[in-house]
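Let me begin by presenting the structure, written as C-alpha cells, before commenting on it.
As written, the chain order gives the labels A, B, C, D, E, F, G, H, I and J, with residue 1 at the start of each chain.
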Amino acid sequence: MLFQVEMAVTLPGDMPVETAASLKQKERDFAQDLQRQGKWRHLWRVVGQYANTSIFDVAGNAELHEILTSLPLFPYMTIKVTPLCRHPSSIHEDDQ
Amino acid sequence: MLFQVEMAVTLPGDMPVETAASLKQKERDFAQDLQRQGKWRHLWRVVGQYANTSIFDVAGNAELHEILTSLPLFPYMTIKVTPLCRHPSSIHEDDQ
Amino acid sequence: MLFQVEMAVTLPGDMPVETAASLKQKERDFAQDLQRQGKWRHLWRVVGQYANTSIFDVAGNAELHEILTSLPLFPYMTIKVTPLCRHPSSIHEDDQ
Amino acid sequence: MLFQVEMAVTLPGDMPVETAASLKQKERDFAQDLQRQGKWRHLWRVVGQYANTSIFDVAGNAELHEILTSLPLFPYMTIKVTPLCRHPSSIHEDDQ
Amino acid sequence: MLFQVEMAVTLPGDMPVETAASLKQKERDFAQDLQRQGKWRHLWRVVGQYANTSIFDVAGNAELHEILTSLPLFPYMTIKVTPLCRHPSSIHEDDQ
Amino acid sequence: MLFQVEMAVTLPGDMPVETAASLKQKERDFAQDLQRQGKWRHLWRVVGQYANTSIFDVAGNAELHEILTSLPLFPYMTIKVTPLCRHPSSIHEDDQ
Amino acid sequence: MLFQVEMAVTLPGDMPVETAASLKQKERDFAQDLQRQGKWRHLWRVVGQYANTSIFDVAGNAELHEILTSLPLFPYMTIKVTPLCRHPSSIHEDDQ
Amino acid sequence: MLFQVEMAVTLPGDMPVETAASLKQKERDFAQDLQRQGKWRHLWRVVGQYANTSIFDVAGNAELHEILTSLPLFPYMTIKVTPLCRHPSSIHEDDQ
Amino acid sequence: MLFQVEMAVTLPGDMPVETAASLKQKERDFAQDLQRQGKWRHLWRVVGQYANTSIFDVAGNAELHEILTSLPLFPYMTIKVTPLCRHPSSIHEDDQ
Amino acid sequence: MLFQVEMAVTLPGDMPVETAASLKQKERDFAQDLQRQGKWRHLWRVVGQYANTSIFDVAGNAELHEILTSLPLFPYMTIKVTPLCRHPSSIHEDDQ
C-alpha cells in the first residue's frame, strides 16, 4: 500500500555539529535499510530545501507510523502523509 | 530531470456528460503515451480526491511546461510543480 | 485499517429540489449499507455545518478511494483524509 | 454530548528525558482513567504525527474544558475542538 | 451552555430582490423568536460586513445544530462555531 | 461602543511559576475592575484553549487600545479586535 | 475616530457595461461627498489592483458601518476594517 | 511617491528593559525626524497591537528600503509594503 | 524603478474561443510594445501555470498602475506587486 | 534553464555581530562569483525586507540545489523555488 510522505527537517541552531552528523548518519543507514527492504520505495530531494519527497510501500497505516516515528530525525521533522492508490491511467507495473 | 507534479481536477457542474467522457479519454490516451515515452514516470491517484501525484522525467522546464499545458484537462486543473533531484541517501537507480 | 474522513457538501444553488432530495436519499442508503458492512464505522454531524466527521475501517487505501468516489454526493464534496492507527494509550478494543 | 478533539504535542527540545517520560506516563494514566469513565470515548494516533484524534462524551462545554486543561501535556499541546451531534444517516447506537 | 457563532452571508448575485427581502424578513422573525426564548442571547453586527457575531445559550450541541440549520439564510451562510464556558475571572452572572 | 476582542495567551516555558501566578493574579484583578466599571462587558473562556472571547464597551478606539495594552498579560497575548455595532434584528437592550 | 478600511472590488463578469459605469459613477459621487464632509479622510488606489486603502474619521462603529454598507459597490466588495488610534510618536496634528 | 507600510514589533522576551527603552527612544527620534522631513507622512497605532500603519512619501523604492532598514527596531519588525497611487475619486490634495 | 509583478490569468469557461484569441493577441501586442519601450524589462512563463513572472522598470507607482490596469487581460488577472531595489551584492549593471 | 528563487534571511538574535558580518561577507563573495559565472543572472533586494528575488540560469535541478545549499546563509534562509521557461510574448533575447 502506497503513501506519499513529505519530510522537512529543522535542526536546532545550537545542536553540536557532531550530534547533527551522527544523527544524519543514523538517518541515512535507517533509510537505506528500509529501501533495501522495499518499504521506502522512492526518495527524492526537494530542490533548495532540507526536505524530501518519498514513496512508501507498507502493509498499512500502523507500519507506516512505526517507521516514521522511528526515524532518527523524527523529532526535528515536519511530516505530511498522503495516502495513494493505483491510478486507472497508469501503465506502470509498480505504481501500486 | 525530475519534477513532482500534483494535479487536481474540477470539471464545471454543467459540462455535458459526453464532453467530460471524451476529455477523460483523451487525457488517458495522452497520459499513457507519455508514460510509454518514459516522460511521465509515475502516476498515482490521491485517495478520496479527483487528483493525482505524478513524477515527470523531462529534459527541462520548457518540456515540462509544454507537456502540462497540452493536457486535455489542463484548463480544469490546479497544478503544483516541485523540482526534485537525487537524494544522497537514495539507493534506487531510478531516483534521478 | 482506520481513516478519519471529513466531508463537507456544497450543492449548487440552482440544483432542482427533487434532484437534491434524490441524491440525499441515495447517499443515505449508500452510507447505511456501508455502516451495516462495518466499513463506515462512525458517522457524526459537525455542528452548524453541512458536513460530517467519519471513521472508516477498510482493507486499505484502494478500498477507501473506491468507497469515497462512489458516494452519490462525491461530486459536491470537499474531502479530507487522515490515516489513523492504534494509540498506545487507548484501552478501547475497537480503536483499531 | 460529543466533541471531536485533535491534540498535537510539541515538547521543548531541552526538556530532560526523565521529565518527558514522567509527563507521558501521567498523561497515559490520566487518559486511561477518563476512558474507563466513558468520557474519552475514542483515542487514535494520527499516522506520522505526535498527535491524536479523539472523541469525548461529556456533560457539556465546561466539563470538556476542565478535562482538557487538566491533561498533564496540556501546556505543550495545540488543541482543536469540534462540536459533534447525531448524523441523521447514522445507524450506530453509539454515534451520539 | 454557551457558544459563540459567527455567521457571514453571501446571497447569489442573481437572487430576485423580493426573494432576498422575503428571506431576510423570515430570518429576522426567526432570530427574534429565538431571542425571546433566551436561546439566541446576543446578536451583534460586524462593522463593514454582512455578518454577525452571536452568543447562543442552548441545551447542547444537538439543539445548536437544529437551530442553525433551520435559519432561513442557512444555505447562504458560512458559519464558525466556538464552544465557550465560564471564565474564572468573570464577575458577570450571565457569562455562563 | 462595542468591540469583540479575542485574546490567546502563551507564557514562555521558562517563566518561573511564581511570576506566572503573580501575573495571572494581577490580570484577574485588572479584568474584574474593568468589569465593575462596565467597560469589559463580557468575558468567556474558549473551551480547550488558554484564551478568551470578550466584549468591551468603551468610549472609542483610543480607550480600547489603552485598556488592552495595560493588561498585565499583554506582552504574552495574541489579540484580535473586531468592531461591532447594533444588529437590526437584535431585541436585546444591551446589544449596543 | 479613525479606521483604516481596505476595499477590493469584484464585478460579475456578466454585468452590463452601462450598469457598471452607472454604479462606478454613483460610487464616485458618494465617495466625494463623504470626503467633503471630512468623514472619508484619505483614499488611495492600491497599485495593480481594483482596490483602495482608505482612512475614515467617524463618530464610531455604527457610523462607519452605515457608511460602508451604503456604498453603491458594497455588494461587490471585500472589506477589511482596522481600528486605529493616535501613535505616541506621531507629530502630525491630523493623525488622530 | 506613496507607500502604505504596516510594521509589527516583537521584542525578544529576554531583552533587558533598558535596551528596549533605549531602542524605543531611538525609534521615536528617528520616526519624528522623518516626519519633520515629510517622508513619513502618517503614523497611526493599530488598536490592541504593538504595530502601526504608516504612509510614506519617498522618491522611490530605494529610498523607502533605506529608511525602513535603518529603523532602530527593524531587526524586530515584520513589515508589509503596499505601493499606492492617486485614486481617481480622491478630492484630497495630499492623497498623492 | 523596478517592480516584480506576478500575473495569473483565469478566463471564464464560457468565453467564446474567438474572444479569448482576440484578447490574447491584444495582450501580446501590448506586452511587446512595452518591452520595446523598456518598461516591461523581463517576462517569463511560470512552468505548468497560465501565469507569468515579470520585471517592470517604470517611473513610479502611478505609471505601473496605469500599465497594469491597461492590460487587455487585466479583468481576468490576479496580480501581485513587489517593489524591488538594488541589492548590494549585485554586480549586474541592469539589476537596478 | 531558468528558476526564480526567493530567499528570506532570519539570523538568530544571539548570533555574535562578527559571526554575522563574516557570514554576510562570505555570502557576498559566493554570490558575486556565481554572478560572474552567469549562473546567478539577476539579484534584487525586496523593499523593506531582509530578502531577495533572484533569477538563476543553471544546467538543471541538481545544479540549482547544489548552489542553494552551498550558500553560507542557507541554514538561516527560507527559500521558494519557481521553475520558469520562455514566455511566447517575450521579445528579450535573455528571457530564456
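Quick note on the criterion: a contact is a pair of C-beta atoms (placed from the backbone, for glycine too) under 8 Å apart; a residue touches a chain by one contact, two chains touch by 3 or more.
Remember, it's a predicted structure, so these values are computed and weren't measured experimentally.
Undergrad: So if I superpose chain C on chain H by CA, what angle comes out, to the nearest 5°?
TA: In degrees, rounded to 5: 180.
Undergrad: From the mean C-alpha coordinate of chain F to that of chain H, what's the distance rounded to whole Å?
TA: 28
Undergrad: Could you grab the centroid distance between chain D and chain H? Build each centroid from C-alpha atoms only and quote it in angstrom.
TA: Chain D and chain H have C-alpha centres separated by 44 Å.
Undergrad: Could you state the distance in Å from the CA-based centre of chain E to that of chain F?
TA: 22
Undergrad: Touching at least two other chains at once: which residues of chain D meet that condition?
TA: 2, 45, 47-48, 61, 64-65, 81, 83-86
Undergrad: Can you give me every chain pair that touches, using the contact definition above?
TA: Result for touching pairs of chains: A-B, A-C, A-D, A-J, B-C, B-I, B-J, C-D, C-E, D-E, D-F, E-F, E-G, F-G, F-H, G-H, G-I, H-I, H-J, I-J.
Undergrad: Which chain B residues qualify as touching chain J in the complex?
TA: 1-3, 60-62, 64-65, 81, 83-86
Undergrad: Using the touch rule from the top, collect the residues of chain F that touch chain D in their complex.
TA: 13, 45, 47-50
Undergrad: Where on chain H does chain J make contact in their complex?
TA: The touching residues are 5, 12, 61, 64-65, 68-69, 75, 79-81.
Undergrad: For chain C, which residues are in contact with chain D within the complex?
TA: 2, 4, 27-28, 31-32, 35-36, 41-48, 52-53, 55, 82-92, 95
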